[in-house]
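Labels run A, B, C, D, E and F following the written order; every chain starts at residue 1.
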Amino acid sequence: MNLYHYAAPATFYRLAGRWTPWFAWGAGLLTGIGLYISFFVAPTDFQQGEAYRIIFIHVPAAWMSMFIYLVMAFWCAIGLAFNTRLSFLMARALAPTGALFCFLALWTGALWGKPMWGAWWVWDARLTSQLILLFLYVGIMALWAAIDDPKRGDRAGALLILVGAVNVPIIYFSVKWWNTLHQGSSINLTKAPSMATIMLVGMLVMAIAAWLYTIAVALVRVRGLILERERHTDWAQEAMKALKEA
Amino acid sequence: MVWQSGTEFWSMGGYGLYVWGSFGVTGLGVALEVWLLRRGQRSLLNRLQRMQRWEAQ
Amino acid sequence: MRFPVILHEHLFSNPWLMQLSAHDLTCQRGDRLLFSGLQMDLQAGQLLLVQGGNGRGKTSFLRLLSGLSQPEAGEVRWNGESIDRVRETYQQSMVYLAHANGVKDDLTPVENVQIYAGLRGQKRVPAEIEPVLVRMGLAACLDLPARVLSFGQRRRVALAGLLVSGALLWILDEPLTGLDVRGVAEVETLLREHVQAGGMVVMTTHQPLRLQGVDTVMLQIGPVMQVDGSVSAPANEAA
Amino acid sequence: MRFPVILHEHLFSNPWLMQLSAHDLTCQRGDRLLFSGLQMDLQAGQLLLVQGGNGRGKTSFLRLLSGLSQPEAGEVRWNGESIDRVRETYQQSMVYLAHANGVKDDLTPVENVQIYAGLRGQKRVPAEIEPVLVRMGLAACLDLPARVLSFGQRRRVALAGLLVSGALLWILDEPLTGLDVRGVAEVETLLREHVQAGGMVVMTTHQPLRLQGVDTVMLQIGPVMQVDGSVSAPANEAA
Amino acid sequence: MWRFLLTVIRRDLLLAARRKGDWLTSQFFFVMVVSMFPLGIGADPEQLRRVAGGVLWVAALLASLLSLQRLYADDHRDGSLEQMLLSPQPALILALGKAIAHWLIFGLPLLVIAPLLGLQFALPPDAIGTLVIALAIGTPVLSLLGGVGAALTLGLRGGGTLLTLLILPLYVPALIFGAGAVDGVLAGLGAEAQLSLLGAFMGLCLLLAPWVTGAALRVSVD
Amino acid sequence: MWRFLLTVIRRDLLLAARRKGDWLTSQFFFVMVVSMFPLGIGADPEQLRRVAGGVLWVAALLASLLSLQRLYADDHRDGSLEQMLLSPQPALILALGKAIAHWLIFGLPLLVIAPLLGLQFALPPDAIGTLVIALAIGTPVLSLLGGVGAALTLGLRGGGTLLTLLILPLYVPALIFGAGAVDGVLAGLGAEAQLSLLGAFMGLCLLLAPWVTGAALRVSVD
């Protein structure tokens, strides 16, 4: 198998077009199943009541926000090392979805925190580093938005993402340390004591759905980006014609 | 079945605001992203065509 | 008063062997293809005059040559090697004068030139620099901050920087902007002296230049322009 | 394609009565006396060409004329009245093009010109502006942000701003910098049209200008310069 | 005159819109400065609540400073400020228009964000209400006074930092009354007195600041 | 290479010296932000002491941001950055030289001022000592990381605020360890652990930041 073959924009554009519906439908289906499990299969938690159902969104969103960042960093490293333009486009296509999940993790966390802790927000390590991750996402997208020249944007964004990737773990541990040093555990991010298997299953299903959704959305976005960058080539012109007819 | 009635389902044991706030905003966020994506695709296509026509001149 | 141009004092055993060439250069800015397939070859003792109307891509071309920006396709070679690979030697032998002067407002002309040389790894004392500035007609402004200088005087400071660098290859983007008639004549003399001593020059200008006795190569970017408005076919462009 | 210059559409019952004059102007910058006792008188239908070497004080003189800076002594009068006293009317009839273009990088040429007009209290729709920009050779850049334009193209945007202003008096500081030959020819035509329609122009340039048929007044600031380097006595300067 | 004022405002809004997201960054700065504080001073909610008013106000001042640096500086550099001063209207109107545009871009969004940050600092609802009102009265002061500073420091070496030096002391009354209003509510004392003082200060600035700014602009381009 | 590095440093110091007082304004900003706080949060000494470490560190971050905006921007605008990049040395050295010069101009004076401000906040002597040590280790981080941000945002619309957005999150570890060290001393826990973490973070930045900055500079002038 020749990787370069798949890294060629024209090939990838076509492949991405073929895959997208599968991922999209998969995401829809799994979301349906996940929602069914979250609301109709999973039992009421004896400690937190019904509020715990937020977990079925909160945890997948939190996972995705972190994972997407890592994937972006991976693509950027590849792009800078091998000068493959497609990799930068992947990073660009992923960022908005990452930011969305990051925001959703914060939002659902806040809505969960109010009934459980009595506060919308506490300066806990997880929460704080999640907030900083959101800042990073916004910063990266703001940087891209501010640069018109696509090549320059690609590289500048990639450098920032990599610096962030080195920094995020440091930030996480520093915040964690700061928090444990300062205050006694007046508030704890307690896990539901015995996570019933069905809850775990529900969370996993939702997480996979989020994955499929991310891939589908990113593929659509990357197709747009490819088309924009390659519009002078013959194949892109044909693709545009095909799109117009559709 | 966990729920006895529709009202019970919507009230979520008193936590309706929080639970539906979470799921609702998540739904909204995803819908917004999909909508923006579609609109972006369409406007991209228009833009590319405009530029093409311009370059052809 | 004439002071000799300090020329390639360094490294080069024989400047006459040097060569700058561009192979199949393509330059794209935004969604606009400025030129493609551009070929260029310049030997020591030659001057390349890049011509073309406003916005045709002269500045973009010079930035490619200097290595400040990367071409969409093709490459620039210095003595047959890609400038990306021999960046250090190349930048040692090359100076670039852009539309912006690169003159620090808060420093005097002497300090400006001194630092310019320092950045190129050369140590110059004011006594070496002042004659060059005097030659550039700045005798009256040696210790004014550049901020208060006039438009043309600032350009002259930048030109003085080139002179003390002793570089072999000069890349000059409209060096004549803002210069008065005497300044233009002075620059013409400099160019002639430099090229005849075996230097190389790549430059653009929209003003007429008197370069008798200089081995001049022309490079047209975009269509040739006549004043009456007619446009003839591009010369060096494989559009 | 030629589009008419939009000229003094406003206020003036008879532009031919207008007059700009300078009386005993003295300009000092830092500890340097640039000129003193300078007299100048310009009528409608005339062009004043300010000449002088780099750093002689041309820009300083134009800034005094425009009212941006205050003279050390003497005054500038518009129709016989000090411009400080009739600032509003004066600024209504005057536009000033400086070394800096006053072009906003983030806006397109059309928007730049539109805002320029708006600041002068005039409402212009894009349809009125585009022909002027096209005339200035910017047809291909109408909706690019000015940031990506070339040096000469940015100058052209600034010139288009002047054109739509419809002002009577143009004060132009080296309007030709960075323009290609066709741009220079275009500006010459504009100047001729404007002056012959009863407008007034004060300008500097270091490039040769063909202004046949234009009533041109010369003003020399500092000594007259010959290219061979000799310096003749100052003309208008009471040093 | 109205056309001129409107053009000035519309121009600045257009520029802000064109720099996508740029105008939002000064709001983000606000959010970020505020979020930095708990990291510096510890996460004890009680302590955070007590410093919340002060922290939010200081952050607002700093955010305004940051955006003010470019209020006239960009126009000065590219020569368009000279062009605006050469337009037939008095410089006072120009200054007023720029201040209004700045407030629309900077102050208005702040009013929307501030309550969320108040929640992060565990402020009670009535304190949050007061905070918003205080900001609504106080942020125009920041734009107006800031304009004076921006005009005075125009084109000076180190303008940005000099600006800070000139303006922060002038901001002090706004800071004291604004933060005081929030603290007053927290302490159960009510905020009317502080808010009306703040309002009076705002009125004074509205009268004087554009005039001074206009004069300073004329001086700066001389 | 040494000549180049030295020229870069000397050049920036010369420029700072030439703009009389300008370099001091970012120190003044520091002083002023810190002094603003008691106005905002009330004058209770006990409370002030508890927030002192955080306030001083946040103020240092903000002051560094302010001065960083102009680290490369001025050179970019007048074309001298291009000239420096065209010199025969790698951009890495340039970035390192600029960061060192920035630290000498910005960080060093801070170390002198900080103890005085610590006294204002009624910090005990050992806490002040720790504060100075923490700043000595931490301010190079600010210069180094800040250089990355300054290079990335070069010449962009709204560079100043964008810079803030990019850099403040990256500063978080320095802030936490730095302020934590002071608080550790106040709480009687000692500061060694925090200081050594801060030192490790500084080392990492020293290794990576100039490299990234150099790459970013090349990208930015492209």
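By our rule, a residue touches a chain if its C-beta (ideal position, glycine included) is under 8 Å from a C-beta of that chain, and two chains touch if they have at least 3 such contacts.
Keep in mind it's a predicted model, so treat the numbers as computed, not measured.
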item	value
Interchain contact steps from chain D to chain E (minimum; 1 if touching)	1
Count of contact steps on the shortest path from chain B to chain F	2
Proportion of interface numbers common to chain C and chain D (over half same, under half different)	same
Top chain pair, ranked by number of contacting C-beta pairs	E-F
Chain centre separation (chain B, chain D; CA means) in Å	55
Between chain D and chain C, distance of the C-alpha-averaged centres to the nearest whole Å	30
Centre-of-Cα separation between chain F and chain D, whole angstrom	46
Per-residue overlap in chain F, given as positions that touch at least 2 other chains	19, 77, 157-158, 162, 165, 168-169, 172, 176, 183, 222
Where chain A touches two or more other chains at once, by residue number	135, 138, 142, 146, 148-149, 151, 175, 178, 182, 231
In chain B, residues with contacts to at least two other chains	51
Contacting residues of chain E [partner chain F, same complex]	18-19, 21-23, 25-26, 28-29, 32-33, 36-37, 39-42, 47, 50-51, 53-55, 57-58, 61-62, 66-67, 69-70, 77, 157-158, 160-162, 164-165, 168-169, 172, 175-176, 179, 183
Interfacial residue positions of chain F with respect to chain A in the complex	145, 148, 152-153, 156-159, 162, 165-166, 168-170, 172-173, 176-177, 180, 183-184, 189, 197, 201, 204, 208, 212, 215-216, 219-220, 222
Chain E residues touching chain D - in the complex, by the definition given at the top	3-4, 6-8, 10-11, 14-15, 18-19, 74-75, 77-80, 82-89, 221-222
Footprint of chain B on chain A - complex, ascending	39-44, 49-51, 53-54, 57-58, 61, 96-97, 100, 103-104, 107-108, 111-112, 114-115, 213, 217, 220-221, 224, 227-228, 231, 237, 240, 243-244
Of all residues in chain A, those that touch chain F in their complex	132, 135-136, 138-139, 142-143, 146-147, 149, 151-152, 155-156, 159-160, 162-164, 166-167, 170-171, 174-175, 177-178, 181-182
